[in-house]
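The structure appears below as structure tokens.
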């Protein structure tokens, strides 16, 4: 392309943000429609590569979703859910792992590499990155886990050499078995453990609303205490709850700012980074005022 | 365990081999029954970790095989072969990739990590490790590829930090598409590109025979010229051909010694390394005499 | 500021250029009106800092010009020129050095630092950066010199630590005396010596014309042989000649591309970098066709 | 030259001092007649280079003085002082900066380089080395400043690469403006900030006297408390006060020893370093007895 | 040699011990019959080289013994002992130093190098490794010393470059004189100072007995308090006392485990390292039960 | 001490020599009376430490001489010489090694350390520094050797960490046996192998004479061809021959300058280094005129 002088001017306005995030780790939970639509997928890849090129160090965490159920059905297996959580027997776990680590992950890696960076796909098994144990609960969901430890050395080594890590939400259990862990939670734990400057959760809605369904109640900033209160008060939708929990985990681990943004629109990542006010809902430890 | 003095003495006899291979890269094509039998699998993992612990730098390359056809069948898809090569349409390629990168690869990684080392699973897409193009031939086999370039930086970086790379035989095509490439060939190309000291190809037979089926004609050393002659003369079985070709690729790329060993017996890797005469068939550039 | 999605999209389009120039040295001869107008000055500083932030390694070279004569006049000394070259007696040389190294240089350093980078001002005396000898000619111009050696170590050290070097066109003579050297020539010599990827000469006109004064004869690409011919044929204006000579020096020293651009318009540096076709006149070793 | 055995013996006696100061930073405030007399100038340069060659890491700080007034007069501007401090309007500040950073600084750099080391001239603007704010006082002196922060990174980087930093006493104000700051004070602040082992202040007198003008009252060691008392008691001449203040700043910042020495005699720097008792007046935090 | 599969299996069982001691420093007091018998000597050298090859960092400390008296006698000098300590006049000290640093030390170095590693012999004088003062006592034993300081830098530097340090028990006194120091004590001090993981004392008996001479009272683990009690109670033989003291010094300095093993049998070092229960007597800070 | 201004001036005159030899390796063959007289010994140690402190990297090589015969006699063994070479049976070799590596070497190390540097004593066995084979000749001299290889890694590692290597003239034979090698020859071989800038051979005479015994024929510079001619013509005394041979070996190995100096006078090393014309006889590859 050829930039006009006006467009060159727009580049220059990114300067303070580039300087502020130079060398900083940004953990991105990649999910929702931004993983399904081909244009959005390519867009996210390019946004991530731009972040990398201007000096940030992005880490992507992703889950799977629709593709898992689709493969299960092809294999004549009916997906089953309890309270929105997938019941994961041994065979389902194998399918989950194949789809996440063998298909979704490599697809994202491929798009990022195509945009000119060097991505490396990892599952929680690689270098024992994500250790987990079986999640306890009223119902036995099978191979569903809860993070017990993050071993971030491999992430630090890869970032140091200029790679972009892309992490699928499969963890390793105490006996070497695979465990299916919520990708939102993994993103929160990793952000906390690697000393990220920012955690960005991509969803299909603009952020959190005071009253579900009422656009006028959009909340652009929220602190941990209020987020807690809203969850307990049933004011946050069930799909949003793990995202908010991930933000809280990251904040408690020292990450200064966490964000829930709408991945269904192009360039949401850049707009979140290259902006004073940000877009979506920002969750912080304590509100300033 | 508690070593007896005799057993301690056996350790000491490993000394000259440990010294000779200290810091050297050994590429291992992992395949055959050693990938199917649980005891053999754990055995290979431990052998590889021992090699790593005494200072060598192993790299594993693996394909898949039976598991791919098995998943295809579960999905109601009939595997098809032409001259022993899998016909790979788009959907088959997806299955191949899911099985190799999502299941087989992570299983090997997990076993090695369980034995106390830090393995990282890679496919040819990660950091564009293996670039390929569609293989030409009489019959269009679909997404079957042939290596055009190895980008070994990620391997060097990982080895430098003490990781054991485990590579599945999926390559990236010119347009970012996945391509199914023979794992033997990949092992040969990688050995040549990373300056390996040894390439070890694991199979289900003891090595190469002068006359197929005649145990008395076992060949323990072979040079490239004779190997060529045997292939052209139809004296090498079709399953063995890509293994011999991989050895020749590695030798031409500067790897001093290549070996075809029997992976159906325990500790074949160690016996190959810690021995003057080796086991199996060794292929070299030129015979000494 | 807050980027719109469209503006964020413009950022992304810079990606291929950022990637292409990552880690590359770009030498910029800063001069003309861009050194006099406050807005243009601040604009150049920001453009340079942006280049630095996205991974390039800019080096600035500047002369002085009007400020020297102005200070001379204040001191009751009449500037004198022979064929456009300043007659430089001892006292004039002192004034030249004070203005260039003490005022112009520190002003540029200050603007770049104000835009958020770390600039270091150097004259050719610092670490013996620019060695020169008295220029021979029909008329004795006094302390006017010609580059004999560039000692680039200090530049490499500063770039390595993330500083932006800003160099004033004062050189050191064989006996430690100061010599006044054409800044265009210095820029060309430095570009050649540090292995720059690009040399950009800022002027007050859009570039080179086939026929001076005829806008329709603008030349967007020129090779060394043709540039030579044009100089010998008197087709290049006297002010432009040292700029073209600097480009030729850089090209002969291995710099792939050199550019003469119009510094009187904002963001010319960025438009030159972030564009396929470039702006201004590009001089290359050999034309492609 | 050819050393006699006796002269070689003198070299050996320097050994304990060389060992004691190996790798240590010594900040030297260069000033007074040692900056005016050509022989003394060359002598100081050689002494500094010798210190550097035997493993010390010298940093020079200088002001200007007579040359500033002389240039002002040439430009028809009358220097004005209030209580010994220069009234510095905008135009005067420009002259101060041109003389210090463009003439004096480069002259010192040139002499040191001529003696075989690699000096780099810096003003407080380079890499924002010296930040200052307008000095408050009864009379508005214009662009006269007071140090608010030293950013020593550039000094550490240069020392690490074997350069000798030479710093002129111009600082950068909150809005990027130049400020004229007392060079003695800058030397004290820098010594404190870089962890210097010694601060040496060069003057035109042998040191401090108990009674001004009475040679018999020469003080060879003084502690901070007594120095304070003497200043308050009016026992220290006005020209000496900023020197003593600089020593106190350095001592409070952790510098073990500070010295006021006579720069009008040759080799005072070496005699201070290579001697048990030192020459001149040493100021320490607390007297030993 | 050629390993059988069973022997290869024995190698693999060393894995957990190799992993546990990878990169760890093991200090070995080499002494007794293992220094006299040629087969035992070569055996110890090979064991040490194996430890080094599998990633441990061994340091050897040795004394002399019989050879010193033998040389003294050849020179017509009668060895004299008080309470088992050698009376060491000036001439005896010279003999001690020549034998230890010139013969015993270089002999060990030579055997280790012959086994394929790179050993460097040191005495306590090299880089002032072991500083001592004259030992006080009822009887003046002459040049017999007691460690006052270990300067471990040279050990760290040598280990870092892959050398095996071999240290003879000669120390340097306050005036540069040589002092004869008990090698057991030196081993304990060095283990404490370099942060060793293990200290192994080689003797001619299996370890410590509850009742001297009664095989049935063999003690396989002992804590510091009990060891103290046994010494005070006269239950430890005089030759064993400095060994136990060395262990206590090491334990107090932070070494986790210390061992007294029988050097008269082959491979005692390896059996101590590659075993859960160890051989000989282990002394620890506190018993577990 | 307290330097006078004149003495400080002498220091400054060393500057060009310090600069010229900064970082350069100087190999010194230490021998003759300078090894016997206590004052000369301390003087050499201080000279060497001064060289080290001002940035050179000295390596000392020494033999033994009188002390060996003296110990032999104490042991009732008569020293025997053939053509000035010591007949060295097994027992004599042991004595040679004990004296050189255990006494002389550690004595020098101790003096250098006492002067404030860190010396490390090495024999040719340490890290296989000096490999040799039995010297062939008309008469069998026993364990007398001739250098076959220098393994300089340990020297480079020690110099890099700031140590001064002190090397005794004992080499290691093909079967691990000790061999007695002429120290002059070792010095020449080492100078050639480590890329020394200078080789200095200390003797008891001022240098080489055209006619032995005639002071007026002193030769201050000699080239290799003439040195050869003089040896063949019997014009060089037998004690001087190995020194001249060592110089020739060094010169052929690329050492620019070699020197034979008188060690019986103080500070000969410094006078050789810190002088234009040098003292003693300099041997160079080719004379300038």
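Residue numbering begins at 1 within each chain, and the chains themselves are lettered A, B, C, D, E and F in the order written.
One rule holds for everything that comes next: a contact is a pair of C-beta atoms (placed from the backbone, for glycine too) under 8 Å apart; a residue touches a chain by one contact, two chains touch by 3 or more.
All of these numbers come straight from a predicted model, not from anything done at the bench.
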Chains touching both chain B and chain C, listed by label: A
Fewest hops from chain C to chain F - one hop per pair of touching chains: 2
Whole-Å gap separating chain C and chain E, where each centre is the average of the chain's CA atoms: 68
Centre-of-Cα separation between chain F and chain E, whole angstrom: 35
Overlap residues in chain F, where contacts from two or more other chains coincide: none
Contact graph of the chains (line, ring, star, complete, other): ring
Ring path (origin chain A; first step to chain C): A, C, D, F, E, B
Chain B to chain E touching residues, read off their complex: 1-3, 5, 7-16, 18-19, 22, 46-47, 49-50, 53-55, 115-116, 265-267, 270-271, 274-277
Residues of chain A touching chain B in the complex: 71, 74-76, 94, 97-103, 105-106, 109-111, 113-114, 118-123, 125-128, 153-154, 157-158, 161, 163, 170, 172, 176, 178
